[in-house]
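Please find the structures below.
Shared chain: subunit A. Partners: subunit B in the first complex, subunit C in the second.
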Partner chain A sequence: MAKPKLALYWAASCGGCEIAVLDIHEKILDVDRAFDIVFWPVAMDFKYDAVRAMEDRTIDLCLFNGSIRNSENAEIAHLMRAKSKTLVAFGSCALEGGIPGLANLTTRDEIWGYVYKGSPSTVTQNGGTYPQTHSAMPEGAIHIPEMWNTVKSLDQVVDVDYYIPGCPPQPDQIWSVVEYILSGKPLPPAGSILGAGDKTCCDECTRERKEKKLTKFYRPFEIETDPAVCLLDQGIVCMGPATRSGCGALCTKANVPCRGCYGPPPNVTDQGAKMLSALSSVIDAHDPAEIEAILDQIADPMGTFYRFSLAHSILRRVQKS
Partner chain B sequence: MRQITIDPITRLEGHGKIDIFLNEDGEVANTYFQIPELRGFEQFCVGRPVEELPRITTRICGVCPEAHHMASAKACDAVFHVDPPPTAKKLRQLLYNVFFAGDHTTHFYALGGPDFIVGPTAPASERNILGVVRKVGLEVGGKVIEMRRRTQEVLKVLGGKQTHQVTSLPGGVSKGITAEEAKKIEEHCVWFVEFGRFTVQAFHDIVLKNKEYVDLILSEAFTSKTYSMGLVDENNRVNFYDGKVRIVDPSGNEFAKYSPADYLENVSEHVENWTYLKFPFLKNVGWKGMVEGQESGVYRATPLSRLNASDGMPTPLAQAEYENMYQTLGGKPVHATLATHWARVIELLCAAEKALELSRDPEITGTHIRNIPTETPTEGVGIVEAPRGTLTHHYATDAKGIVTKVNLIVGTTNNYAAISMSINKAARGLIRRGTPVTEGALNMIEMAFRAYDPCFGCATHTIPGRMPLVVRIREANGELLEEVRR
Partner chain C sequence: MAFEPKIIGFLCNWCSYTGADLAGVSRIKSAPNVRVIRTMCSGRVDPAFILKAFHLGADGVIVMGCHLGDCHYQEGNYKTIRRIPFLKRLIQGFGIDPRRLRLEWVSASEGDRFAAVVNEMTEEIRHLGPLELQVQQEEVLQPVEHR
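Then we have the complex of A and B:
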């Protein structure tokens, strides 16, 4: 019997998801043995035209990482959707925009204005210039893709079958998904989250939680923390209560707060809203004005509560006129 | 006019694309190396609490997040005017040197090395890590995988996560190590030094004993006479984590030496509207276009540039090999782009030696690992050497430490002009009238830029050591004359 066909692709990403796949170490050889890897730009010969030439739904499994940031990302997303039976959004960026999605707090014009004109090291002539998709050079025409104003998750562009969260997904979780698929067991219902737990990050955290009532928040650099006690109980904003389990609570083990890279927990669509409600329950006040005053101590709630999920949240982006 | 498009299109949005234009005589008229992506970190980091940037800017590159984590942490220290305690600095440097050794290993064996180990004209299907293993034996392949596994293990202990580290905070680190962990790390570092020695020896045996390769390294098509940049310690020795940036001119004379805070007095960036990436240049020389020489502000920041810009290495084994390299290649500075591979294995050995030294330092298990900032945050610059070049993070904040400005000059970006020039020179050297463009010729162009270990979008890595290419040669009317692919 022919081996199932596997494809891996990266859109607007950092390459960390690819590294995470390689970090399954020698098991990558098992993947190579079990699958016919038909497309993996980072690791294999280029077969882009070969993908175009395939019949639709030829690829059995496509792991797609990276957010959708420009015209080419979108083009490849549509191509991989058409050619794949099962399309998996792999890692935070593909799932929910990831950190590149924080660009939805600003605009393309603001980004370009700063990068190509305003930055202190940039030298401009005649008022400066912006990149253009098509350039007529003396010798001929050259082109680059169009950068979008808004970063999107994969499922805002094409239909997605499954999701593997994490920034990056942890190698042991990646392997567990691959192993499951190889076992031939029936796949879970479409839309399922794979390679993660079904509780919150707090469930994996070994710190003791006493549900202390808070009147003051601190930033991570401001205080020494007790390594045995819940960071939130110590006044450090930790995204654990609003984050899906699956990473093994790596950040809190390293004495720094969770920032939510495994996405919202089960049955939660908006991670930021969930975090806000989690915080409300630990604040030692009943008067709304008092609660608000305490919450105001939190620096940058938007960029913290939606660190990885802004593009996929109910907000999606901040509107700027 | 005819147009050749070299599209290492695998990673469409991040790799870069080369267009080569031929004139009516079939000679190279010009080349364009385009970077098709921008993510906008400098703008969307504004408004974030500055202490979060070491955890946000790691996502610029998942291959070298350690470099961004460290440059960012150092910029945060400067913003808060706080100096981390000695143990914290040593823990950061230990992490950083282990990372450096691992990253250079990946490049030497998987990315750049196959050209030499398997051979520049070997079939493309052999010119990859598997070909390397076949050539040098399974045992060596096993060592490379083990090197990677061991470095990742140490990085997870010191950085909290093996990819996208989290442990550096303004004023120090969030987590120390136990005596037991230090012992284990020391064992790994002993192994890293052995691996470094082995790699230097392999470079001698495979590359330097082959006259054809040495001639190639020294050939004009692979030479660019530019300024060289690198971070040095107080004795002008190479330092990856800390020190001053030193620049030497194409003749090897010191041109500038500056503290991170003064980078804007020394480096500027030029904008072209046909690409998303800017071209840094030496401010006090000026942008004269993509040309070599003393009068051109183009500089390089690579392993070779770091060695050119220094007076030596901080560790004994690496120092011996540093002397050997300059003696063999005819003195300092060396402008042979392919000698960057030699410099890289010297740095690999240096990083391993440095890591071993740090792992044995009695202070490494100290418990005073953070100085809590007490001063009002303002503005600061952090510079480290990323494996691919000098990495500058510059932040300004309001009085509460909320970011108001970010400026980044990233490792590979330094070399954008130089890489473009190397491509141009190699293309001119190999594309001639009436000569078909061969697979081997393509690889030679690739070798010109692979020596830089380019990481565009700071994320452009192809693991097998060759960028899959499609080259189409068209007539001016668009008619396809020839297509070479692999």
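Then we have the complex of A and C:
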């Protein structure tokens, strides 16, 4: 009997999800034994044309990481959707836009204006050049993808069957999902989150929590924190209360606050708004001026609360005139 | 046709919704632009409701609750008094004028205050103009025009 076909693809990605897959160590040999890997740009030499030549829906499982921020990302997202029975948004970028999603705080023109012209280390000639999608050269024409103004998650472009959160998804969770798929047991309903828990990161954190009455916030460099006590109780903004469990609270165990990379908890659509709501519940002040003074101590709410999820938030991007 | 603001109002059951009812039965005239959604407490109003209201086309959102100390559930409006100013900062971060989100305390006996608040906010939003959120759907099919 033919082995099920597996594909992995990286769109607007850092490569961390690919490394996380390899971090299952020798179990990668079990994956190779169980699946026929038909497309994996980072590890194998198949080209786009090999995928285009396949019959639709012949790839059994496609793990798609990276967000959609240019025309090539979108084209391959549509291609993998057509050729795959099961398309999984793998990792934070595919699930919710991830770190590239922070580009939605600005515009492509502002980014290019800085990167290609305005940055202190850029020296321009003839006023500077922006990337051109089509360039005519003596040897022939060169085409590069069009970069978009707004970063999108995978499910904002194609239908997605399952989601595996994390930046990256933790290797033990990746293996547990692969193992489950290979077991042949029925999969949960389409749209489910796999490889993660159904509580918040706080549930896995080993620090001691007390009833919260917060009156002061600190930047992480401003104080020495007690490794046994909840970081939020000590005034460090930690995204644990608004982040899905599944990673084992690795960051708080390493004495840094949770950044929110496993995405919103169950039944939460907007991770940033939920964190804002959670902090508002536990800030201990009633006087408007006192409240404003405490809120002033939270630097960069947009970047902190929406660090991974901006592209998938309700408003998706900053309004720019 | 002149711009008519669409304002969503989240009113708490015990004070502000009752205050709005009082304005009604007292036949106090006020602008019809606020669409009222009743919640049991202003503390129930999740910031996601407000963001969703803007996303779906509201030009303004107002949250009304009991005066501090009078909350039917003791502490609900204390959470609101932190949540709404915090959310104003966040929507400003999103490029939305924070004057489009407002928090007011209106008690059950303040029918005329309800009407005054509604009229005032309607005029402010009329002055600010419609909130036309940029929709980025077109990029799925065509690239952004190259410059």
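We take it that the second predicted complex is superposed on the first by the 310 of 321 C-alpha atoms of A that agree within 3 Å, B and C clash if a C-alpha of one lies under 4 Å from a C-alpha of the other, contacts with A are read in each partner's own complex, and residues count from 1 in each chain.
One rule holds in what follows: contacts are C-beta pairs under 8 Å (C-beta built on N, C-alpha and C of every residue); 3 or more make two chains touch, one makes a residue touch a chain.
Treat the numbers as computed from the prediction; the structure is a model and nothing was measured.
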Consider subunit A as the common anchor and indicate whether subunit B and subunit C clash or fit when overlaid.
fit
Output check: A:Lys216 vs subunit B and subunit C. Expected answer is one of first, second, both, neither. What do you get?
neither
Using the touch definition from the top, say if A:Ser13 reaches subunit B (first), subunit C (second), both or neither.
first
Could you tell me if A:Tyr130 is touching subunit B, subunit C, both of them or neither one (first, second, both, neither)?
both
In the superposition, subunit B vs subunit C on subunit A residues touched:
B
Looking at A:Arg33, would you say it contacts subunit B, subunit C, both, or neither? Reply first, second, both or neither.
neither
Given the overlay on chain A, how many degrees, to the nearest 10, lie between subunit B and subunit C at the CA centre of subunit A?
140
Look at A:Lys185 in the shared chain and tell me whether it touches subunit B only, subunit C only, both, or neither; answer first, second, both or neither.
neither
Using the touch definition from the top, say if A:Asn73 reaches subunit B (first), subunit C (second), both or neither.
first
How many Å separate the nearest C-alpha atoms of subunit B and subunit C in the overlaid structures?
11
Show me the subunit A residues, by the header's touch rule, that subunit B contacts in one structure and subunit C contacts in the other.
108, 130, 132, 302
Listed in rising order, subunit A residues that touch subunit C in their complex are 71, 74, 108-109, 130, 132-133, 146, 148-150, 152, 156-157, 268-270, 272-274, 276-277, 279-281, 283, 285-286, 288, 291-292, 295, 301-302, 305, 313-320
Could you please specify the touching residues of subunit A with respect to subunit B in the complex?
10-20, 22-23, 25-26, 41-49, 69-70, 72-73, 76, 98-100, 102-103, 105-106, 108, 110-111, 114-116, 119-124, 128-132, 135, 137-140, 142, 144-145, 147, 167-168, 219-224, 250-251, 253-256, 259, 299-300, 302-304, 307
Which part of subunit B faces subunit A closely enough to touch in the complex?
1, 3, 8-14, 17, 19, 21, 29-30, 32, 34-40, 42-49, 51-52, 55-56, 58-63, 65, 76, 80, 124, 145, 148-149, 152, 159-164, 166-167, 169-171, 174-175, 263-264, 267-276, 278, 280, 287, 370, 372-373, 394, 400-402, 405, 407, 409, 458-464, 467-470, 476, 485-486
Please give the residue numbers of subunit C that touch subunit A in the complex, ascending.
46-48, 51-52, 54-55, 68, 78-79, 81-83, 85-87, 89-90, 93-96, 133-134, 136, 139-140, 143-144, 146-147
